[in-house]
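In what follows, chain A forms one complex with chain B and a second complex with chain C.
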Partner chain A sequence: MKIPIRYNLGSLWARRTSTLMAVLGIGFTVAILVTMMALVQGLDSTFVETGQENQLIVIRQGSQNEVNSYFSRELFPTVKFLPGVAKGQDGEPLIVGDNVVIINHERLDGHASNLMVRGTSVSGLALRPEAKLVQGRWFNRGLREICASQSLSKRFRNLALGDTIHFARSDWKVVGVFEAGGTAYDSEVWADYEEICQDWDRPSYSSVLLRAENAAAAQDIRKRIADDRRINLQAVSQKKYYADQTNTSVGIKALGYFIAVILGVGASFAAMNMMYGAVMTRSKEVATLRAIGFRKRNILGSFMMESVILGLAGGILGCLMALPLHGISSATANFQTFSEVLFNFRITPAIMMRGLLYSALVAVLGGYLPARRAARAKLIDIMR
Partner chain B sequence: MSELLIEMKGLTRKFKRDSVEISVLRGIDLQISEGDFISLMGPSGSGKSTLLNIIAGIDRPSGGELRVLDADILSMSEDQLATWRNRHVGFVFQHFNLIPVLTAFGNVELPLLLTHLSRKERREHVLKALELVGLSDRADHYPRQLSGGQEQRVAIARAIITDPTFILADEPTGDLDAESAEEVMKVLAGLNKDEHFRKTIILVTHDPRAAAFATTRFYLDKGVLVEHPRVPA
Partner chain C sequence: MKFLRLLFNNLLRNKRRTFLTLSSIAASLFLITTLLTVLHEMENPVSTPESALRVLTRHRVSLANILPMSYRAKIQHVEGVEAVVGAMWFGGVYKDPKNFFAQFGVDADQFFKVYADLQMPEDQKQAYIQDRLGAIAGNNLADRFGWKVGDKIPIQGALFDFPLELTLRGIYSGGSDDGSTLYFHWEYFNEGMKKLYGNGEGVNFTGFYTARVASAGRIPEVAEKIDAIFRNTSAPTKTESEKAFVLGFISMMGNIRMLVTSICSVVIFTIVLVAANTMAMSIRERVREIGILKALGFRKAQVLGLLLGESVLLAVVGALLGSLAARVIFSGARLSAATGGMLTRIQVTPAILALCAGIGLLVGIVSAGIPAWQAASRRVVEALREVD
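So, the complex of A and B:
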């Protein structure tokens, strides 16, 4: 850059009111974009971080997820004793069968929402190391007891330790609260498998979770299950199963980017308006620079640089405005399981970088025409 | 024998205003040699600034011949003219035309940013130029912190910083009081007379006191150049 940047910085400061307006316009746009990306990142992370290596979820053939999957208990031993299923320290296969149901329960804000209740076994906790008890104890077999995730207990009525809620045909007591590290389990309530089957009068499985000895064994188990037409089941890598649920965020992503584009166009015009004003009031300076020997491209480059500085200032402001959202919990509907899924807004360095690039782009688009005007004005005309 | 720097033969410049053609310059013949200090006087609209702009390559004549430093500047592209101006022409404007957001140092340094001098070398040149115009203690001052005369002296420092072949001064005292005007003209005259500099200066002015510093005076009236002007009353 031949023309020093301090010229641009000084000029932006000299017209600080209009500079501030443009920076705010771009800043708000970036804040919204970063917020949307943080929402999507948080949602995606919830699913992507759920699951262990070499673990498979077995559901009914043709089902997309556990909620619309069910199969007979008689099939459990068939899966349990497949070669390649890893064994625990007690020599027993590492496998657990679950019955997943959806209940409708009231949130603290008074609105009702769907919750996923997983009927499972405490013995299967080894397959879900993400979940750690933070209060109370795990549920006992044969009792109408539940453990709720900490996130749910803060969001819904009567899910704190010691509370009792009513669903299906019974009252269920909250005996424990667990924390699952921001994974999909943070959106679940867990109870004893047999108790759920009884209360729903549904003695079946929604899914089976198992651990394979290694990757090759996992692959073999998947093939055996797929090839056995008698059982009509499918086995999916647990990581892939949850990763596939990130399409919950597709609609939000599309909406977010659409809104960002619309706002970005508006912010571009704000930047353009500001830069046109700058070009008009600095025509004498431009003439002087050209008379001294600066070329048109130097003028163009300088005004474009000024736009970029404006954009980056707006981008930084936007990121700072969005930053307080980092870590904040929220929820949305999982359109696959029809239940509420909790997530935390996640503003990563990559998201902030994208926000900054976006702000620079918005400013460059807005600043190009005024910069071109400044560069292409006939020197004799601006000197008169 | 001084080198011939500028030669014009039959130079004309016409403008169109509302489909009416106006001749601003009519057949100008002029030769300017190295070391000349020339003043151009004349009423408003007589074409003085137009002639200056043509010499600087900012405007193009409608007809005639022009050679500046033995180069055909009329066939140069805009970029070539920009480089040529940076090397050969120093400008001093009526309204100083300092960049308000740069200090005196920053303003004087501007032409040097187009050269290959290092930062340290540029700094040395700038401080030397400011010392020459008596403003070395104002290097960090912004234009708004300087008087009119001081601003114009900074502009002169900027004009000479690249050691240009000639200086074009368009009404340099137009915005100054008598004392500041004399100060500025003394600086310009010093740059012309000093053996070390011997700058060629072309001065456009309404002010006969400023014109008096020049060694040769021209008068431009209705587009015609006269070397020995009638001195206005």
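So, the complex of A and C:
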């Protein structure tokens, strides 16, 4: 016969100070892990959520991203008039060529960091529906105007609407602020393509973004570009291009696992201590349970249950403690593009489930030996 | 001190509990030590007497912008500059994009004057300088890929559209980069560019310049002079000390300090709870005993001291075990190979060990404080009346 859970709850309550401390201990551990997972999740989803289906990004063969790619302007028409490129409402192919550059600029906290500036065209905005204007207007050609993402304008100097920022050879006026739903574009400043080419003395493309009519057309365009030896370009699915950049979080992930293992060991030892204490103080009780007919496995199960209840309570508390971090924005360096990438901490139900599983695991590891000891105790020894 | 034996005996009374608490504290302090050391290494890049004399000159706009090769001679002529080399980031791929490491095309002729802190045999230096296709690698980098002098190192172009076919001519140690860089000849790089672009634009440039200044005190003055030369050109520069340059790079990684300090504080709080739980359990079992001590004439302060001493001993020993374990494990590990070059070195300093012992002391006092005070304040009669 199973020992009712009420018995465990009662026991935990009877030792409430001790219970509370163990719950808090596991709770803090889980809170740290949930925070680390939220950081990785936030950083990864910045990339994963960028890009549209059936869009291709064309970069130079051999380069890994826009920042280290460049190719001649003469190649643009070749790509533009490939069969299968979707047309916009005006009948023009949906394609935009960009020149991506990096500037070193001061943040509001005084430290300088690298920012990605995309020289692009207003006509290409249709290919980046992620970005929506929230203040001002889009930039015009010929006036040295730029638009910054809202997150950047809150993080860097001189990037708010109406500000003037000096970089390269010109003073640029911020005429618009956009918001890109937490995608990679939220870490970019947009300006006119021709003006960036002029200021950088680099009349070339870093990348060309185009929309294919459908998946089959996208496949066909990729093959055509790969097969054309003369142009030396490669086309990558835009989704895949950004998804590949999730390895920005590799270091943080490794750190997260390291912390999870070490703290897990510490926390399960602590839980074990607490459960041994519980088993010892209740040895007479256990003996009584055995005497009135409960079996060894019932005792084992009951103590394990008690440990898991304790662990899960800690897990729930830990998730709750970490929850206020959801949505907080932070930034790190994307070492592929050598520029700063902004992200928001994201706590998803899946992350909380993992936090709870972890707390249950700690409890099982910590509770097993004490529970076994309780179950194996010889009746006669205790009763005496 | 005459009570030390009593402290030990009390700790050994429940060996399992003591062991579990000790292990729990040690595991936590192992983590804290590791995090603090990594943070310390990041915030204090390796510095040698030589590296303190180096300044880096890069394009004002960003490191990604290039500088004309002609700048080298102009920087060389600045008063206070002893030697200068240009360095070009190649950013190529060795076998797999995951094998990331820094590759610089440098001016080999004066390279060892500017980077005098790189230690390698003289014959290797000469072999490198004389072989246009030669390269030298840091000891950690060579260890990561198992390179030996004489090995061929093919690097595919990523940033630039041509490959490098290098031969390893030497392996250096020391220096301020933890032996994690590959240096080859800038000439070789420029030839590759010439093959692609002819003699027009797009050749004869480099990424940044490193100059050796006569004395560290002259760095601000020299940096200002260098930047003044190029102020009104199409490629203005920014010159700063090597250390400032590296720190600027590291600050890009985000607020690591805040991440590490908040994790450490939460972990410390957690071990206080763990230790407090142990001490509370242990003291609760001994109320009668404490009553007897007091009946024998022990004063409240003495009883309190005994209990706190026990807790402090446990926490400090646990803390030191964890920290020392970190010191031993990381000093022996081949970190560069194990972490794909992300970490080259975790050296636990005596200061961090002392800090961890301090954390142990704090944890010991805070965790035993309340239960010890309660137990020591109990009236003898009450304590003796207590039954288990």
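Assume the second predicted complex is superposed on the first by the 383 of 384 C-alpha atoms of A that agree within 3 Å, B and C clash if a C-alpha of one lies under 4 Å from a C-alpha of the other, contacts with A are read in each partner's own complex, and residues count from 1 in each chain.
FYI, a contact is a pair of C-beta atoms (placed from the backbone, for glycine too) under 8 Å apart; a residue touches a chain by one contact, two chains touch by 3 or more.
Keep in mind it's a predicted model, so treat the numbers as computed, not measured.
When the two structures are aligned on the shared chain, A:229 is found in touch with neither chain B nor chain C. By the touch criterion stated above, A:13 is placed in contact with chain B alone, chain C being left untouched. Here chain B and chain C are compared by how many residues of chain A each touches, and C touches more.
Contacts of A:291 after superposition: chain B is touched, whereas chain C is not reached.
Put simply, chain A uses no single residue to touch chain B in one complex and chain C in the other. Across the complex, chain B is touched by residues 2-4, 6-7, 9-11, 13-14, 284-285, 287-296, 379-380, 383 of chain A. Against chain C, the residues of chain A that register as touching in their complex are 17-18, 21-22, 24-25, 28-29, 31-32, 60-64, 67-68, 101-104, 111-114, 167-169, 200-201, 232, 251, 254, 258-259, 262-263, 265-267, 269-270, 272-274, 276-277, 330-333, 335, 338, 340.
Of all residues in chain C, those touching chain A in their complex are 16-17, 20-21, 23-25, 27-28, 30-31, 34, 60-65, 91, 97, 100, 156-159, 161, 234, 238, 248, 251-255, 263, 266-267, 269-271, 273-274, 276-278, 280-281, 339, 342. Across the interface of their complex, chain A is touched by residues 53, 56, 58-59, 78-79, 82-83, 85-87, 91, 93, 95, 97, 99-102, 106, 110-111, 113-114, 158 of chain B.
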